[in-house]
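One structure is given here, and the rest of the page talks about it.
Lettered A, B, C, D, E, F and G in written order, each chain numbered from 1.
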């Protein structure tokens, strides 16, 4: 009885011989499944990054260090230590830039390896190579902006003075203008990542 | 007989040659921990037992008896007469019955 | 008709005798018992070959069977004694049983 | 419920109040009454002590002990608190182990992490902690772990030496002439994983087993307090990667309770789907592991093959195969692209293809029946006394399943029932596991239908609805959440401080802890061949065993 | 050639009785039996030789191995009895003397050397049933005895626990 | 003669057996790499029950303080030539458990790995590719990293 | 001189090596589809070089001799195991003209030599001075006492039927009719063969999940290679024995050839593989009970049946 049962089981098991094995692809060169959202190696878009430090703050493993730029406004850019990173994707969620995130890991590579020794592994970074020309142009733009701003500030001061005078004169309080809330780096959780 | 002995000797020679080929090509780097016993990756937690307590002696004895039976059958290979073969099958029946009885008894002894 | 091979059979026999009588542990007593029986088998085989006493071979088979069964029964007694009293050397058994 | 309240009224309590639907929360004035209260509630029927969770308040100079009593039959639970002083010498309380044998290891854990001494405990040795922490109190708030880490980093050799010392002290002294020996079963072992069972055996027969755990201790409970509320999900999901979603669900529920957020209907259903997918992928490993421990790799391989399809769905949804981090406080992290359901459908089809084969070949396997029928039997009484949960409890006929007892996410709208068997042997656990696998597929189908209907009728917006905002800083409070994890009940007790960015204390009670405690009881007097079988059938994962 | 073989046999036999560790002693015993089997083969008793090898290396050695697992790696010490060696030597001398002196009287009728096995089969098949009965009863008896012993041991153990 | 030696060296590089030792959750993905979809047996990898027959040791993720001696001992008990592969962020600096107080932060400083595979956990594809790199290293006759240094040499365990 | 060449080449060592490489590859390659995998694939055609590489690697890897073992016993046992596993091949009629040793008592010699193997394996375990090996060794012993009797009795059934112990004669006399009579014997032989070769469901001595690797635990490099070689050579001897005794060795449907012999052996290997993929391991005690309660009595009854059948159908033969 037991024997017959076992023989039955054997026949059933050998049905598997008919099934084509799913391992048909040489996975050294090709991924079996690589969805659009796959969280792999990061890319940092230094042009859109506003240097808000949100990604650094949220990273649960401190994989991100901010590289300092000789700029005033966007003075930092994230760099990721891939040996440390756990590819949780929180930094991408936290990044506030729109419509494209400045730090993106969706759709990245899976086959990131690095060398053996601890020092070699330490050199395993996503570096942002910023061409000097870009920095120069940004510096120029910043200069221009600063000049513009100064001008604007002067103008505003003048206007404000004028307004104050006008207000005094009018003796009736106009409602003060709503101040723009400065960005405090809070990630916006209500936004999903479009897949 | 002689052929077999020559065969055995040359097989032994061949295997020894293979073994020494392997040993000659293998690296050799002993050290204290490497030569320690494997204990699931930890230092040994007690001595290797020098004895084993094994409750299967009954089976060992049954093994001997059944082996003897087999040897008897080897001798029956050469019987030509009908009476001899009938005797042999009777013999087989008796021993089979004895073994069944003995296992029954053993099972009974185990369960109580 | 003395044959030089018989000499060795006697040697084996007396070795077995020594082993049995020197009173050591069970295992070596078994060894020596087997040796005794094998000396007998040897004699039978030698006489069968050299003296043409072919029936002796049949006797030799019987002795082998005897030897096996004896070993089996002896080992059972040994195991039982060991289980009951933890004895390895037969000399100790006397004392154990009296206890 | 009333009876319990009446009992508590007899004692000197600070407050007694209802909490959630099936809990009563109470605090004792003094710790002396604990034993009496415990005795009274045990007589009332609350026979399982789920866990003991100390919380350290340095500024109040107290350690608050939380006891969670459960009644697996009638679903009445009690959350009992009491304060004890914080100084190491006076930090003592009566042990509940004589009453509730399941508390043994939990009290040992509290002892080694917080230094709480339990009087009358039968065997108060440190557990889990690595040797450099023995005698210290690593989970107290004022423990200077940075200094400690620096010391360790400077001298790694010291850890190893400490380990060796521990080995030497715990060595069983045996008569060299005897046939008894102490075998290590693990950690470098084909079937064990990082756990070590000290098997004291005589030939093939086991005399006793002493599990030595802590080989993957990561101190998750203290780790989350160093991360913010969102980053903590990374730590919580690493409780065990076989089913990471449900543990995150439990944590997020606790956070949401403190923040007072109500998540959207769509997110609830998504949590059901993701949770069940993770449960399936875990159960697949459990089923395969059970047979692999019997020396048969076929089922493991087949299951791995089918599991891949479920992982594909997770990967498409969240971008990672197993470290998904896809549940966040406030809902689920990503919106849903409806094309992902095609992949889910593919996985379900694949499951339907293989399930018959598995049932025929393995679940009804005659050899398996012969081997596992009478081995590792747990009675319903033992289940209650030792506070076992999950499939182990259900295989013994105890009807407990948090998805039904205390529904979370959208489980209250799901049509499901307890999967139970009555004998409680290893084979029954295997069958319950298999039954739950089928049940999970059924639940996924229901949830999928519901979401598809909702999207079609415009009720849900799959790309927007998935998340509501939870503030970054939470108010002070504490919350208790329970989820039915793949292996059983996970109980999370979250304490927060006013305006803090990270949790103040998170207690994770994971099921494998209690199950591993049962090993000695189940295997005493059996043979060596039963170790892998029973170990596999208890469905233990070292990740949630050590935390 | 045979003399060399037999010398080795004797040496191994002596070794198996004198070696202090059990496993080498048993290995030498097994080798001795194996060589004896070969010796029988050279005496034209091939089946006897094969039997010898089969029974000893396959059967008895297994039993002895069980014995080894009980005894342990080393033999226990026992008090020596020098007289036994003397007795053995005396017996040896006596046997040799007896045979050398009385060899002439031992001359028996030298029959025709027939195929030993056929002979066995012809002579033996009547006895076989008797042997089967003996073997079966031995088997039954040993098993029964083992069961009794076990039961007794259990009952004594229980008695101890009660006390 | 040289040919024969070369052949044996090549054979060594083409057949890597792995010691069956899990230290962390990365071993789950290793199981997946053994499974039907990735099937690393195609490339000649295989798990062995004891380190005595193994060629590579996988540090599968985190190394807790308690398991470190076992790891080192397992490595030491493997026969030459032997290589080490480290998986996951944990084996570099503790990864997500970097702040944890129970995890060794620098396992690869103690036992240098020949190939480090990033990820948490790395995909099975990445694991297989990393192992291919070990093969390449063996073919290039680069001695294993652990044999050249690392803290483990000075330690007693 | 011919015998020496035989010993080195055809049924001897070289052949055993080739067979080991091929069978090992075949096992893995055939096991894989049962697991829905592919198996060795990228080294050589259908991955056939893979096992060659594996075994060459094992041959030239370091062999560790632990402290505390007797080094001679430790490393001589694998060699002895290979030699004893190779000796039976001399008696097997591979082709009509090819038993190296034409012996009156070939079957007995075959069984004797196969029966010595567990004894050597026990000594490897006992000599390793390791707890797992020790337990594994004792398990080998127990397994052999339970399986060997039934094996012996099952293997005797063709000899009784044909009235000879000479393997070549058995092959000569075998026919379809005799095969029908011997079917139960063949089944018994096959089941006990699994036990003797430590194959699932009887792979108790090297149960990985229980006692690491049984008696193999301490063996590495060249020594391990030798044990592996012995294992596979044992496969060869036992399979060849089955093919000779029951299936008519080199006799084929259309032509008599060594190829037929080989195909028969492979068929047995396939059945073994499928069994391996379908049944879990049983415990030592269950195995003993199974063997003594069912196998041995049944094999004795089978012998009685063969005797009766000889009287009834083959009286004239």
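Just so it is clear, a residue touches a chain if its C-beta (ideal position, glycine included) is under 8 Å from a C-beta of that chain, and two chains touch if they have at least 3 such contacts.
Nothing here was measured: the structure is a model prediction, and the numbers come from that model.
Among the remaining chains, those touching subunit B and also subunit F are D, G. A comparison of C-alpha centroids places F closest to the centre of the full protein. Distance between Cα centroids is largest for the pairing of subunit F with C.
Taking B-C and C-E together, the chain pair joined by more C-beta contacts is C-E.
Centre-to-centre, using mean CA coordinates, subunit D is 62 Å away from subunit E.
For this pair, subunit E with subunit G, the centres built from the Cα atoms lie 29 Å apart. Subunit B and subunit G have CA centres that are 13 Å apart.
Centre to centre, using the average C-alpha position, subunit A and subunit F are separated by 32 Å.
Shown for subunit D are the residues in touch with two or more other chains, namely 164, 177, 181, 183, 187-190, 203-204, 227, 234-235, 298, 301-302, 305, 308, 323, 361, 365, 367. In subunit B, the residues that touch at least two other chains are 25, 27-29, 34, 36, 38-43, 48-54, 56-58, 60-65, 67-69, 71, 74-76, 78, 88, 90, 95, 99. Shared interface positions of subunit F, i.e. residues touching 2 or more other chains, are given as 8, 21, 35-37, 39, 42-43, 49-52, 69-70, 73-74, 77, 79-81, 96, 106, 120, 123, 157. Note for the complex: subunit G touches subunit F at residues 28, 32, 35-43, 47, 49-50, 52-54, 56-64, 208, 212-213, 216-221, 224. Every residue of subunit G that touches subunit D in the complex is listed here, in rising order: 34-37, 131-132, 135, 138, 200-201, 203-204, 207-212, 277-286.
Subunit E contributes residues 2-3, 6-7, 9-10, 13-14, 16-17, 22, 25-26, 29, 33, 36, 39-40, 43-45, 48, 51-52, 55-56, 59-60, 63-64, 66-68, 70-71, 75-76, 78-81, 84-85, 87-89, 91-92, 95-96, 99-100, 103-104, 106-114, 116, 119-120, 123-124, 131, 135, 138, 142, 145-146, 149, 153 to its touches with subunit C in the complex. By the touch criterion stated above, subunit F contacts subunit A in their complex at residues 36-39, 42-43, 89, 92-93, 95-96, 98, 106, 108-109, 112-120, 122-126, 128-130, 132-133, 145. Those residues of subunit G lying in contact with subunit A across their complex are 32-38, 42, 271, 274-275, 277-279.
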